[in-house]
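Below is one structure, written out as structure tokens; the observations come after it.
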Amino acid sequence: MIRVFNLDYTYYTGGGAVPALVNINLTVPAGQTCVLIGPSGCGKTTLLYLLAGLLQPARGEIWIGEERITKPRQRTAIILQDYGLLPWKTVWENAALGLALRKFTARQQQERLQPLLAGLGLAGLEKRYPAQLSGGQKQRVAIARALSLEPDVLLMDEPFSALDALTRESLQQILVEIQNQRRLTTVLVTHNIEEAVFLGQQIIVLTGAPGQVKAVLANPGAGSGDYRFTSKFHHLCSRVRQLLQE
Amino acid sequence: KAPAGKGKGEESLKLGLIPVEDNFPFFVAEQEGLFAKAGLKVELVPFNSARDRDLALQAKNIDGEAADIVATALLRKGGTPVKIVSLTMGATPSEGRFALVARPGSAVSRPEQLKGATMGISENTIIEYVADRLLQGAGVEPGSVQKVAVPQIPERLQLLLGGRLETALLPDPFATLAEKKGGRVILDDTKINRNLSQVVLIFREETIKEKATAIKKLLQVYAEAAGLVSSQPDKYRELFITRARIPAELKDTYLSPKFSPPQVPGKTEVADVQEWMVAKKLLPAAYSYEELVDPTFVPGGRENK
Amino acid sequence: MRDSRQALSYILSILFLFSLWWLVAVWINNPGLPGPLPALRSLVKVGWPELARHLYISTYRVLGSLALALIIAVPLGLWAGRHPAFDSFLAPLVYLLYPVPKVALLPVAMVLLGIGDATRMLVIFLVIVNQILITTRDAARQIPHQLLLSVASLGAGKISLYRQVILPACLPEIITASRISLGSAISVLFLSETIAGNSGLGYFILDGLFRADYGAMFAGILAMAGMGLVLYILLNFLEYLLCPWQRL
Amino acid sequence: MRDSRQALSYILSILFLFSLWWLVAVWINNPGLPGPLPALRSLVKVGWPELARHLYISTYRVLGSLALALIIAVPLGLWAGRHPAFDSFLAPLVYLLYPVPKVALLPVAMVLLGIGDATRMLVIFLVIVNQILITTRDAARQIPHQLLLSVASLGAGKISLYRQVILPACLPEIITASRISLGSAISVLFLSETIAGNSGLGYFILDGLFRADYGAMFAGILAMAGMGLVLYILLNFLEYLLCPWQRL
Amino acid sequence: MIRVFNLDYTYYTGGGAVPALVNINLTVPAGQTCVLIGPSGCGKTTLLYLLAGLLQPARGEIWIGEERITKPRQRTAIILQDYGLLPWKTVWENAALGLALRKFTARQQQERLQPLLAGLGLAGLEKRYPAQLSGGQKQRVAIARALSLEPDVLLMDEPFSALDALTRESLQQILVEIQNQRRLTTVLVTHNIEEAVFLGQQIIVLTGAPGQVKAVLANPGAGSGDYRFTSKFHHLCSRVRQLLQE
């Protein structure tokens, strides 16, 4: 369970203070997916960094389970918007980094990663360096790295933005399956309204910068196989679009 | 840290030497095994500049060194009490030649023409003392020549031969080499009736206290070696060329100098050098003869004036 | 707040250095190394007009040769970094010439150019030009290909690419190289001033040493260290002005 | 193909260097600077067993002090680059000590370490430790924040961050620093070998100078330049092995 | 008019040759928009680089108008997938770079850029550095830079991928308007099928790596205001999706 209380965050630039988030409150029950959606620059990435313990809030508190977050937490995985791949590591080394840091043996790394990379269409690219990949391939390496950790909290920043529609949908499906198997608590940032409604049991719409919570939508049907084709789905999509437009 | 030379009994000594002809008898003694024969363990530590040699003496890395009276007084002033135990060269005016040489093609041929000309020396050392006294002897006011500090001898030679210095004060064998290359000798300290450039063997006072017998033996060995060199120079020619660093071009012609037996420097010499140093403000006041010289090891020398 | 804490750190660090010096001086108890207090005292007492003249000459020699080295090495380094063919030609030159002991060649240089400033600056130049060249080249090699393509796609010619991408991308490393070269330049300056001639801090220090006047010698050394520190601070300031994006 | 063209460039460059040398030698016509041919001839004729011994000793001294400097300066530099507070303390030390002429430290070194290899290596070490420290620190400062966050988010502790991100990110610059330090080390080696003792290439060269045997002197200089070149080639090879991603 | 004949491109890695494009032929009439769509890693970015003259083809020829492309062409603008912003230039300097290279005076730069940045929602960010922007803001700076040049050929690599749905749609609209005003020839890479069908008078579907042309679809209705709501639009979307799935 993720709980956020009265969260503020401000960046400081030469030109002065830039408030990025104001008074954010949210609760994500364990095993559920929460989608953050909002205009570009409204602070979604910042919020994810805060949830991951990579930034410290100016005000407010973040709790995951019984732990107050002030630094990165072992079982939280995050997929960053710019992927965060190390240029000096090959695809394999980048994907295995989380496992290596947790002292998995080479064999255990192999066992976990090989099927994962194959499933993401990265088989055969293990020895390349990130500079030798296409945009979407880099993004998939970052996804493999996060999933390999078998986290209980997964934070994703537009994880499918560089992927084609079909890959995107199949990954959405994989995500739903993992979630059902392992009670994974997920916070997902996306610009794609359909994706938001398909995946998010809870959809949080943020205002423009500085980000505030504009609306919290419950969406119990999310993740089920043919939800996409129901009228409820389309209705909710229109509702989100409307909220964003306001 | 144990002071240098301690440890293997009293009989070991470390000497700092610049590999030049002045110190040649030490190398002969080493080659002939004379030190060992006398029951001494002497290590000859080669240095390439007087500066580093003196630093090592200060740091107690060596017990003694072959130096000059100027260096001796300065070491004492700098807080390292040292004493001269003997002259090693310069007992007679013909030993240890220093010459003021004009560059090849120079218009300077007589001392009077030196006024305003550049002169390469090493400042605040025996070299400058010799230069001043040579000039004064020839009736030239030392302040009227333009002194240029070039501490290292090979560089002074190169600058002279390259025409960047009008004149330079050089010891042998460099003076001879300069002559051979077309330089003209203006003044020469073997041609006056007094030796200005004396080489002395000095030790730190504590070494003199602790190892008096070893120093005594060392001086005996030195005397023996000096005799060997003087009597049969040809035998040591090879060694002379390599250990005394005789320039390649002179190795067939240049003869090794004669070495007198050990003796302490004369009082007037010590006084005159210090008088010069006081005038140069290198010393606040002259040391007494007894402060600088320990006459207990070798007989007193004659005044070489 | 942060500035004042930094100033404090600076002062602490200098105090630390002086106490260390003091300890070493007391411990080794060698007249060749006076403690910091006698050294500072003689820095005050020393003939300032004369020391100032030497200081001025040394500063001029260091800055002159640094400027010359930058003007020559930076363009060459940038070019070599982006053109492997040129680098294959230049690198062996640098690698062969850099280790040649310049000090051994000083007499030859002085014969050639005289005992004046030109020789000294040439020797300093010869040492640091290699340092700046190597650093700049290695930095230019590492520029991300994407950035070059991005600016090329805007229609930038060769010269614009150098001005807009290659030079600014290497600027932080060029400043690093200047920092390193400044130290090397001062070391070589010292040597070049001790070979021949009667001017500059190197001469002043060696003169003190030859006179066994360790007070004057250390006054000179302190002046040299102070000159270095001031030049470093200027360089930091220059970096602050030239690389604002590094401050984020 | 590319390799052979590179080899050609190398050879051309060496030929170019030698012709330049020849021209200068002919032009200044001074015995202090023999032409390349006499120098090469005396390199062949010189007592090789002896020269080899000096070469071996010098190489040992250079590599020893380089290794020591890397071991000490790299961790300090990385740390200072990532911790401004520590840097505020370290930087003034470096900036004050780097310009201090090493003669000032010679008495200390001689008292502490005598006049053997240890002193020589200390003097070399003191010069290059600053160079490596400054370069490493400046490189560590520039690491993109994103990469650190990305690895921190995987649960990396301090040590892992250094191992996985900070060290590899600075590796190319550390190699640049080694290149520069290698040159400086050889320069300082020359000086340190002329203090006392009778071993090493520096001694060999100075001995030649004292004997006005410029042939031997230049044989020594050539040996020194050759040693430098070989060490540089080794360093390039090391870079090739350690930084495969740089080769893309 | 853009014409591409028998184009091949191959990357070389330590592990061997990686063919990226095989035998590509295409023609984009002047003033039209051509959309490239295909699975991640199929060579779309590579093709755009080739069209921009930033890479040289292994085989084949590229012509724009009467000019054979072997190096960047003055009036071609490109928006790169990773934006290509210079870290040492501010938003303003980055956006003005193309104009500065063309020796526009400061005043002329001001006149062109100010409305453009305002229209992209970047007003007030001019003095920031790229590291101080959100993902979508960076992308918009890249768009501003390309549009400021008033090019006649515009190459765009997933230019709206990091933008929210509304901004995306408004930019699509802006693009259509510019195109109608200035006979801009456009090649657009996108993963978004709706975007492809809404913007592309010609839709080129590529196979998986190495990329080959799988289908070329004509789509004359593209760009008109309410095309999105016609059945033709939906029909074509399904067709594209089907082609991608095959």
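By letter and in written order, the chains are A, B, C, D and E; residue numbering begins at 1 in each of them.
Convention: a contact is a pair of C-beta atoms (placed from the backbone, for glycine too) under 8 Å apart; a residue touches a chain by one contact, two chains touch by 3 or more.
On a predicted model such as this, the values are computed, not experimentally measured, just so you know.
Visitor: Please give the intersection of the contact partners of chain A with those of chain C.
Guide: Shared contacts of chain A and chain C: D, E.
Visitor: Treat touching chains as neighbours and tell me the shortest step distance from chain B to chain D.
Guide: Minimum step count, chain B to chain D: 1.
Visitor: Given the contact rule stated at the top, which pair of chains has the most C-beta pairs in contact?
Guide: C-D
Visitor: Quick check: how many Å separate the C-alpha centres of chain A and chain B?
Guide: That gives a centre separation of 83 Å.
Visitor: In whole angstrom, what separates the CA-based centres of chain C and chain E?
Guide: The answer is 48 Å.
Visitor: Indicate the residues of chain A shared as contacts by at least two other chains.
Guide: 13-14, 82, 131-132
Visitor: For chain D, which residues are shared contacts with two or more other chains?
Guide: 30, 32, 103, 106-107, 111-112, 206, 209, 244, 248
Visitor: Would you pick out the residues of chain B that each touch at least 2 other chains?
Guide: 51, 55, 58-59, 154, 158, 161-162, in rising order.
Visitor: Which stretch or stretches of chain A touch chain D in the complex?
Guide: These residues of chain A touch chain D: 49, 52, 54, 72-74, 76-78, 80, 82-89, 97-98, 101-102, 129, 131-132, 145, 149.
Visitor: In the complex formed with chain B, which residues of chain D make contact?
Guide: It comes out as residues 30-32, 103, 106-107, 110-112, 114-115, 194-198, 203, 206-207, 209-213, 215-216.
Visitor: Under the stated contact criterion, what part of chain D meets chain C in this complex?
Guide: For chain D paired with chain C, touching residues are 5-6, 9-10, 12-14, 16-17, 28, 30, 32-33, 84-85, 88-93, 95-104, 106-108, 111-112, 127, 130-131, 134-135, 138-139, 141-142, 172-173, 175-176, 179-180, 182-184, 186-187, 190-191, 202, 205-206, 209, 217, 221, 224-225, 227-229, 232-233, 246.
Visitor: Can you list the chain A residues touching chain E in their complex?
Guide: Residue list for chain A touching chain E: 11, 13-15, 18, 37-41, 45, 81-82, 121, 127-128, 132-137, 139-140, 158, 161-168, 191-193, 241, 244-245.
Visitor: List the residues on chain B that touch chain C in their complex, please.
Guide: Per the stated touch rule, the residues are 51, 55, 58-59, 74-75, 77-80, 120, 122-125, 147-152, 154-156, 158-159, 161-164, 282.
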